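In the two complexes that follow, chain A is the common piece, with chain B as its partner first and chain C second.
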Partner chain A sequence: MLKILKYSFYDLMRSRWSYVYFLFYLLLGMVLLFLNNDLSKAVITLMNIIIILVPLIATIFGVMYFYNSREFTELLLAQPLKRSSIFLGQYLGVAGSLTMSLVLGLGLPFALYGLFQSGAILNFSLLILIGGLLTFIFAGLAFNIAISNENRIKGFGYAVLLWLFMAVIYDGLFLLTLIVFEEYPLDTFSLIATVFNPIDLSRILILLKLDISALLGYTGAVFKDFLGTRLGFIISGAVLLLWTLLPVWSLSAKAKRKDF
Partner chain B sequence: MNLQNRHSFYLLLLLLLGVPRVWAGTIPVCGNCHARTIQQGIALAEDRDTLLIRDAVYKEYNLIIDKPLTLLGENYPVVDGQEKGEIFRIVSDHVQIQGLRIINVGVSYTSDHAAIRVVRSSNFHIEDNRFENLFFGIFLEKSSHGIVRGNQITGVARDEYNSGNGVHLWYSNNVAVTDNRIEGVRDGIYLEFSDTIRIRGNESRKNLRYGLHFMFSNDNVYTDNLFENNGAGVAVMFSKRIRMTGNRFLKNWGPASYGMLLKEINDAEISGNLFEQNTVGINIEGSNRITYIENDFVSNGWAVRVMGACYSNSFNRNNFLYNSFDLSYNSNVNDNSFEGNYWSSYSGYDLDKNGVGDIPHRPVKLFSYIVNRTPETLILLRSLFMDLIDFSERVSPVFTPDNLADPRPQIRAIK
Partner chain C sequence: MIRIENLYKRFGRNEVLKGVDLNIPEGGIYAVLGPNGSGKTTLIKSVLGLVIPNKGSIKVLDRPVKGQWKYREEINYLPQIANFPGNIRVKELIGMIKDLRQKAGDEGTLIRMFGLEPFLDKKLANLSGGTKQKVNLVLTFMFDSPVIVLDEPTSGLDPASMIALKDLIQKEKQAGKTFLITTHIMQFVEEIADQVVYLLEGQVYYTGTLSGLLEKTGQKDLEYAIAAITSEK
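Here is the complex of A and B:
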């Protein structure tokens, strides 16, 4: 598996896609800092980018890579190799290289700007950590979609839809539910509803750090207990990890059964 | 005896008996002095004497100071009320109390026991005392022209119903409350029916309810105070012509907690204050003709929340930096003006480079309106969907006041 991981990783490096993403994040970080002149404000803007762009890139890139390397995958399948290690190796290669582009691309400009001397370092590391987790989650989901759809157009369609659903539509439905049932106690519901969407969950995790004063203004006891404590932070972190493991598990299960 | 002689006789008599001593004596109070207790000291003292209280523990309460005296503590002697009731009651003008450590005021559910109570007196001077384990700290009742300065009040209040206020003014006028440090009481500084008071340089922290609380108190000036981490921040109600400048309101967190709560305040000036990390920076209700100039609102949940019946207020040259919501309205009517502020959320541009944004800024988000209606939706803060809705609302306002905009948003933060 490690060999395949290494191969995928170098393959991506050679194909320059990693550089493109690295440069994209680098440019983004520089522009952000250049325009804002303020670390803590840049971190807030960065949050929006991380929870929207990172999943999009991971999804599209995951699907793209899977379809492009299909011939190579078939070649590998002919060898005496474990199926799960082939697919997991590829998946980890893609997710790993994307995460590396993210960390380096955003980390460099911020580090040069004096991140280590500022108080924003904790918030920033949390952002990067969440960005990495989201990359792994959405690359995994993308691989799942690609492996279940032979038709590329369909696969891409589903992948984009998945992102759109998680990033926008889910929140719309969520809001609608909250407004329609506003007469009922909704604390527990809204907490549970966020757990089912990794983007929402990441957003809440970051909000816990950034907008705590607003969140504490909310009167619901359940909500406040959850958000106001370390426990809430740990639980949301754990669920996010679960979200990373779930697609991987499903991928290896699918890979075992699939008939090429 | 002729007339002239009689006159000089009376004059002599007057000199011997009636005329008060013009020189002031000093009476030491200590364990083996002539006056062993403060009570004895007060009884022995003539008008305008000084009681020099030596470093010891005095277990006394219900001390009534009924003549102009100066009580001076050496090395903070302890006056221990043993939780039996009120400790000092000043009923005379020109009384000064300085350098005492007053502890253990009794809690009562029927009367407001205080460490020092001033009743119907003027020209009092309460300075540099320390108060611990108290019910009420300094209670001014129908008194005027006094100074309360440099005191440290440290309470251990747990419940609102059995705790008192740090500095309490009731029907008192022309008092200066300066440089006091107040912690752990119910309300740090409390004013009711007290006019022309100057509150300056105080630090009010970690109080159970409000750092500063006043009602029906007009023409007061509040400058350079610090209100931090109080249960419900600062509440000011039913007062006119208030000036608040250079105060800091920090970290007042909680569902019913405000940096400052304004209710029925008219013709006030609020300038140069800092509101940082409060759940609500300023909550305004039924307040008219207030000018907000050069305040900084930094990292609050809501910087300004306007609840209704607020007319002719103006916001000029304020900084709104990184608040979750800069402004929230609960209706779509607006009679307040916003001009020349800096909004960190401003997304316009400045093509002619005159430092003023070319398109007006709409500070009220649709999302803040939704959150007012259904508080649970707060969980969708900063989600892409909300940003999209906010954007469309900004382009064509339906739910938020359409005339509410800053026509001259600044491009750079105001120094």
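Here is the complex of A and C:
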């Protein structure tokens, strides 16, 4: 698996897209710092962008890489290699190189601005960590979609729909339910509903850590009660990890059954 | 060497293999023949574990292959369509496959044999179909494995390379290798094959020598014999 990872990573490092992604984050970090002129404020703005953009880029990139490397995959499948390690190696290569672009692209401008001397370092690290997890989660989901769909157009369609659902539609439905059932106590429901969407979960985790949960009103207090504690933080972190592992497990199960 | 028992494979509603039984002993060249869509490639891909059969068993070197991957160390496989990642160079591709297989490969002789020296630093996307097929052949023949599986090895080759390929096959056969070859070029079969396996509608219609097939169909020429079986059905 490490060999496949090496070749996938190497292949991606030579592709233009990794640099585009890296430069995009570099530019974003610099512009945010320039506009906000303050590290902690820039971190909050950054959160809103990371929460939406990282999943989108990971999804699109994951599907694109899977379809583009079909020839490479076919070549590898005939070699004495374990099937699951071929796909896991490619997945880790994609997710790893995207995470590297994210960490370097955002890390460089913030570090130059004096991140290490400021109090924002913890918040910033959490933000990057969650960005990395979201990359792994959505690249994994994208690989699952691509391996189940021979048709590239369909695969791309489903992948974009998945992102749209998680980033936009889910919140809409969530809000709608809250309005329709406003007469009932909804604290438990909203907690559970949040856990089922990695984007929402990440957002709330960061909001709580940044101590701006007051923005969430009464529900914010409930969330703070649960997620703000050490136990809550550990549980939500575990759920995010579960979100990362589930697509990987399903990918290797799908790879075992597929005909090429 | 390769033992296939009661093999079934279905793609959606399309039943491709319907109970194939085949036993291939060690040494010699076996040609798998059959009309388009008779299941030749599916059969070969099942042996390699690229296609997962619905029913039946396959053993390579007396070991069942289901869910296994180690046995592929004993097989060199030439895929039908040479699909390579387009953005890497020929030299890098050869090095990569050697690295992945962890085996010493004798690519130098083969590169000279097929005249690939000028292409070593070119990207695979810029090669012609025939040149890609030559690279494909180098990748297949550079390792020393007891089983060699070739799916349409002649496609796109010029006459000189065709002769080189035939010499190569004969040389490896002398070394005691077992070949499984599919092709539509009957002249090629007549020249190199020891035994033929004829697949028809997902089943083995005939296994044996070439002359036996001619006798069975009452034809003088292999091409006509094949055509006769196909139109008869």
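Simple rule for what comes next: the second predicted complex is superposed on the first by the 246 of 260 C-alpha atoms of A that agree within 3 Å, B and C clash if a C-alpha of one lies under 4 Å from a C-alpha of the other, contacts with A are read in each partner's own complex, and residues count from 1 in each chain.
Quick note on the criterion: contacts are C-beta pairs under 8 Å (C-beta built on N, C-alpha and C of every residue); 3 or more make two chains touch, one makes a residue touch a chain.
Remember, predicted model here, so these are calculated numbers, not experimental data.
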item: Touched partner set for A:Leu122, first chain B, second chain C, both or neither; value: neither
item: Partner chain(s) touched by A:Ser190 [first = chain B, second = chain C, both, neither]; value: first
item: Partner touching more residues of chain A, whether chain B or chain C; value: B
item: Chain B versus chain C as contact partner of A:Lys82, first or second or both or neither; value: second
item: First, second, both or neither for A:Arg70, with chain B first and chain C second; value: second
item: Chain B versus chain C as contact partner of A:Leu207, first or second or both or neither; value: first
item: Partner chain in contact with A:Arg257 - chain B first, chain C second, else both or neither; value: second
item: First (chain B), second (chain C), both or neither touched by A:Leu2; value: neither
item: Which superposed partner A:Asp11 touches (first chain B, second chain C, both, neither); value: second
item: Residues of chain A touching chain B in the complex; value: 40-41, 44, 47-48, 51-52, 167-169, 171-172, 174-175, 178-179, 182, 186-187, 190-191, 194, 200, 203-204, 207, 211-220, 223-224
item: Residues of chain A defined as touching chain C within the complex; value: 3, 7, 11, 14-15, 69-72, 74-83, 256-260
item: Complex contact set, residues of chain C against chain A; value: 11, 45, 48-52, 67, 69-73, 77, 79, 83-88, 96-97, 99-101
item: Interface residues, chain B side, partner chain A - complex; value: 253-257, 277-280, 299-302, 321-322, 324-325, 344, 370, 373-388
